[in-house]
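Below are structures written as structure tokens.
Next come two complexes built around chain A: one with chain B, the other with chain C.
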Partner chain A sequence: MITKTFYKESKELWRDGRVRITFTIVVLLLGIAVWISARQYQNINEQHQIAQKAEREVWDNQGEKNPHSAAHYGTYAFKPKYPLSLVDQGVDKYVGTSIFLEAHKRNEAQFSAAADQTGLSRFGDLTPDFILLFIIPLLIILLGYNSFTKEREMGTLTLLKSQGIVPWKWALGKWTALFFPVLVITTLLFLITGIVLSNLKDFGVFHWGSLFSLFLVYIGYYIIFINIVLFISLKASKSGIALVLSLSVWILACLAAPKAASNIAETKYPYPTRQEFASNVLKDKQNGLDGHNPWSKESKMLEQEVLAEYGVDSIHKLPFNFDAYRMQKGEEHEAEIYFKHYNYLKEQYSKQSNLYQSLAIVSPYLPTRFLSMAIARTDYTAHWDFSDAAEDYRIATQKFLNTNFAENSSYGEWGYKADADFWEKLPDFDYTPPELNAILSTNASSLYILGAWIAISFGLFLITTKTI
Partner chain B sequence: MITTDKLTKKFGDFTAVDNLDLSVKEGEILCLLGANGAGKSTTINMLLGFIKPTSGTAKINGLDVIKNNLKTKESITYIPENLMLYPSLTALENLDYFAGIAGKELSPQMLTDFLKEAGLQEEAFQKRISTFSKGMRQKVGIALALAKDTKVLLLDEPTSGLDPKASNEFGALLQKLKKKGVAILMATHDLFRAKEVATHIGIMKDGKLRQQFVAENISLSELETAYLDTMNYKEALS
Partner chain C sequence: MLRYNFKYELRLLLRSRWIQILSLILLVLFGFSTFNGIEKVEKRKNDILTAKQQVKESDAAMLKLLDSVERGLEVSASPWTIPTNPMNVGNHHPRVAAMEPQPMAFVSTGQADLFTHYIKPTVSGDDFALNFTEMTSPVQLLFGSFDLAFVIVYLLPLLIIAFTYNVLSAEKEQGSLRLLASQPISIRKWVFQKLILRFFWLSVLVILSLLVVFFLIGVEPLEWTSTLSLLGLTICYMLFWFALAFLVNLFVGSSAKNAVSLIMLWVIFVLLAPSVLNQLGNTLYPMPSRTLMINEMREHKAEVTKRQDEILDNFLRDHPEYAINDTTQSRNFYHSYMASQKVVKEALEPIVSSYELQLHKQQEWSKKLQWLSPAIVAQESLNQLAGTSTADYEDYRDQVIGFAETWREHLMAYLYNNKPFGQQDYSSLPNFQFSYASNTTMGVSALVLLLVAGALLVFGFAVQGKSQKRGLLSN
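Then we have the complex of A and B:
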């Protein structure tokens, strides 16, 4: 009965001109979205590669220079473009692509794609994630809203019932018929994406495993929508009512709930403003060691400690340049301040994120979006991870420069210059994003919620078939 | 065969079917006549298990229709007044699906043969049902009965709205099924068609079977008189 109904429904769906047109439009949109994204990301990636190479060359060819001048001159850490950002660009567009690394200061990522766009960017981009998250659920509604109501309206249900249908088997036939085209579209999209990604040169490390995980997440999302749409169709008395109810669910789940969740999270756990943040950092900096100020109370204390440690009575007798040493200590103090304040931001983000995730029980869109961005490495967590790695590299760079300064010059020798080949000894910024397993483990709650959505909605659908 | 024993259905205070005793044996056609609301369709709905009786029993081939709902439906074909099929599927596809639902896996040749036997023109086999007249759809229903090798055929006003030719053809198909040993219960307003096809005729009023005849023992005019008397139409007319 399941197979028979599957074939019958599939034939009906395919012969319905409305469905054919919708299906074609969605496939076309997907194709265009993948093509646009692939070109866009390839361009961006090329730009990244060029900029990264050029920046390193500038760094390596500074010539003879004082290490601390080089520290102020700074360099850039470039955020890698992850292959799956082609499917879901997440917050990438808004968070910046590179971080300027300099002495005494932790900078935020800059040069975001959104900053380079005009006001027209408010209309959004045609990206695969837009099609996957918004359009395919709409397609499911269009294909399935009248799945059961039409049987009542046409009168075929009476004949079916007189033939002795087993309701759950018959309903499962309809379920598979609705799932099949969705599965075909999604498989097609991910297959094309996989082929495109595996053929792009220098596009980061691409793993089919990550792509497959992303595919499963979206399939789970669509199963939930199929269950909900068919449940509504079972309960509604007329097709028109079923359509309105299904669209209402779509609006609530995909449009209203994410925005409401965002507002609630931001209201409950607000971020400090940029001015507040900068002012708090400055305040803490003023209360500690300033590497550039040898006369401050903190500098004098450090001086006394170092003299006692080395058992000498003058900083001139130390086996290193105390100016550079103080500079390094100042860096370490400032790094701690930044760590503290950024950690506060991360905590706030984490609280917002947890609240957001707890609201995922009201909308399957939320856990899906979280998982999609996480697996694509385009969520805030991935950005924080990169930002922290860049900060670690900044701290290591400052230590590398200050150590050279301290070990190769004496106190007061501000005219010291490192050799021209010294800069090449600084290791490259080598950032590895979190592995898939780590990401899935971090986002386990979203996985559980998505799983619960699938199980409960399917259970509800199956139970409701008893009323046929 | 079809049997009911003191079959009763009440909707609140209203008694739709009242202590109905019926029996339709293999190769018999019982036509139930009666005005709207007489209880004919409710009886059929109870035989299909769509409605639970308030009291009494309805049996198909000796099996209680409520206790053995799926089992009894294996031998039933039901053709309502307006047999609705899937408009975007062809006659063959509809027959294949409904027979399949009933557990009959039939080859395309067999499906074609059943449609032929039901009197559908060959050029219509591959046409979508949306292009079919009511009479053509009823023939697909008969083909389904043939495909299912049905033992019990329940018909609810099947000739209503059919033109005389189609109605005549439908009557001939019922005779064919009768010869195959199918027990047929038909609810109708059409006295002429009832007299023509039935082996037995019953007249229902207010949920009760008021009169029952062996069809060959009564003429059409006698049937008409009995019907009008039962309905009290003569008094109303005079």
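Then we have the complex of A and C:
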């Protein structure tokens, strides 16, 4: 029964001209999207490598210089693009790509692509994730909205009933017939992506495992849509009504809910403005140890402590340059301030994301979007991870420079210059994004929500088949 | 006939509860989106106000400090913040360069969530390093905002589709088409009248619910000309979708087929066309790499640092007016720093302007091709009305950079003349005032939408007239 219905429905779908056209359009769009993204990906990674190399050369060829001057001169950390951004660009467009690492200051990533584009970019990009998240669910609606209503309208339902069909088997046949073309498209897309990625040079951390999990997430998302569309088709009296209802669900889940969620999240847990953030940091800094200010109260206290520790009565007798030592202590203090303030941002965001998750009850789009971005390493968390790593590197660099300053000069010797070959000894900035397992476990709640959606919608669909 | 049609259509719409449901949906959508928009604008105003307040307070403290210094009292501030040095004024007491919202800013978020609305340029900062982006969670930027523009551009067409897709086909499916055909009116005229009546009622509902929402939520100051252009544009945009519905009703068959075709058109105009155009614009006029720009900037800076003294000499030779009144001729860190900063700025000018050039080209391109999709036209016009379009923020950026230059020049005169900054100089400090450019093309957009809608309607009449010979009832 299941296979027979499956054959009949598939044949019927394939014979429908509109379905063939729609199917071809979607495949074509997907092809274009993958091609554009692959080109972009390659382009950006090339630039990234050139920039990284050039920046390192600038750093290495500083010549003889005071280490603290070098610290102010600073260096850059460039954010790489990850292979699976080919499938889901996530928030990549909206976050900066380079972080300036300098003394006393934690900078935010600069130069987001969206800031360099016209207002058109806010409509969205023609990328695979756009098609996977928006267009394929729409395709499911168009293929399946009249799956059951047409039997009613053409009067074949009575015929079928007189044949003594088993309703759930019949429904499952229809279900598989709708699922099959979607499965084919998705599999095709992911296979092509996998092949493209493994043929690109320097494809970094690409694993088939990640690609496969991404594939499963999307398949789950489509199963939910198939269940909903068929459920509506079972319940509705006319094809037109079924179509309008399914479309309303689609609009609500994919367009309205995310936007409304983002508005609510912003009002409930707002970020400070850039200027506010800067002035908050400044306020905290003024209350603490400033590495450049030997006259402040905090500096005097530090001086007493160090003198007591080494058992000497003057900072000139210390075995190291106290100026540089104070600088390092100030640096550590400032790093703490930044840690606190950036942590506040992260807290706000984690509250926001809890809100997104609670709204996932009305929209299967939300957990899918978050999971997809997370696996592709293009979500906000991945960005935080990178910028935290850059901050760790910045702190380590400051320590490296201040230690050299402290050990090789004496108190008050601001004219000290490190050798020209000293700069090469600074280790490179090396960043590896989190592993798939770690990502999946941090996003476990999204996985559960998606699972619950699949189970509940499928259950609802199967139960409703009894009422045929 | 029109009179009968009018009467029965209204009765039908009321009895089928269409009018009631639509009013409710419109009120909820407009209400929620307007509320969101107003909340954002309020936050923006408050942020600017707080920033200005802070500057006022720090100015008062600065004047007090200046007073103490001028009277020769001992002060407790760190030596590098004492405002007698003009550079300390320039760095520690910057002015707020704010972009106050337009009265209709709540209509469309546009680029307002991406860019900042106030900035405090300092004398020693780099103009090109001024960060104009706002600190927003990128997830929010990705999802966008549920604003009035979203309701009008995205959701209103869908309501129209739901309201009109089966005007003719329902008659066919119910079997009442034969009855209609026996009436002394041609079918296309009948469909046209029916759709125009629905358009009329929906327009009335949209206008009424918008006004009700505006008054309930308390939009102020409510500008009548702007409100009228908002309503005008919305009506024209709606008419376009009604015209499409007219064509689809005439040419496509069953209700479901009509709905599918209309949805396809919606997807093409609202979702696909903008993203394809954006993608093409980026490919045709690609932005030069920002990462490579950083490299170039760094190399210039490294070189300039090596030649600092030479640069200062050249600078003073070029600007004799700066040193003319200076009897001390003493030079410190800032003299050479500011001079070399200028050199770096000039060297980087071509690179920085190449970004602006590309962005301009992209904008030109999108302006030309926006006519391919009425959704883009409507969105852009609403952004303009709200003062949140890309062009507005570019304007703001230019004005801020201009102001940063004024600020710097003003204080550099003190620096190179080695003239201390005093209390009496406070009142002459430059201030920033943003002015919106009035290059709105909203009237043109509305007119074009109207013309396109008209053309579609005429086309429907003309072509359907020809195919009518075959007979509407024959299938």
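Rule of thumb we're sticking to: the second predicted complex is superposed on the first by the 468 of 468 C-alpha atoms of A that agree within 3 Å, B and C clash if a C-alpha of one lies under 4 Å from a C-alpha of the other, contacts with A are read in each partner's own complex, and residues count from 1 in each chain.
Heads up, the rule we're going with is that contacts are C-beta pairs under 8 Å (C-beta built on N, C-alpha and C of every residue); 3 or more make two chains touch, one makes a residue touch a chain.
A quick note: this is a predicted structure, and the numbers were derived from the prediction, not measured.
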item	value
Which superposed partner A:E108 touches (first chain B, second chain C, both, neither)	second
First (chain B), second (chain C), both or neither touched by A:T156	first
Partner chain in contact with A:Y218 - chain B first, chain C second, else both or neither	neither
Chain B versus chain C as contact partner of A:I165, first or second or both or neither	first
Touched partner set for A:F179, first chain B, second chain C, both or neither	neither
Partner chain in contact with A:Y41 - chain B first, chain C second, else both or neither	neither
Touch count on chain A, higher of chain B and chain C	C
Residues of chain B defined as touching chain A within the complex	48, 50, 69-70, 73-74, 76-78, 80, 82-89, 93, 97-98, 100-102, 154
Chain A - residues contacting chain C, complex	18, 22, 29, 36, 47-48, 50-51, 54-55, 58, 62, 73, 76, 78, 90-91, 93-98, 108, 110-126, 130, 134-135, 138, 142, 145-146, 238-240, 243-244, 247, 251, 255-256, 258-263, 265-267, 270-277, 279, 293, 295-296, 345, 348-349, 352-353, 356, 379-380, 383
Chain A-facing residues of chain C, complex	32, 36, 39-40, 43, 47, 50-51, 54, 78, 110-111, 114-120, 129, 131-146, 150, 154-155, 158, 162, 165-166, 254-257, 259-260, 263-264, 267, 271-272, 274-279, 281-283, 287, 289-292, 294-295, 298-299, 301-302, 305, 355, 358-359, 362-363, 366, 375-376, 379-380, 383, 389-390
Residue numbers on chain A that touch chain B, as the complex places them	1, 4-5, 8, 11-12, 15-16, 154-156, 158-166, 170
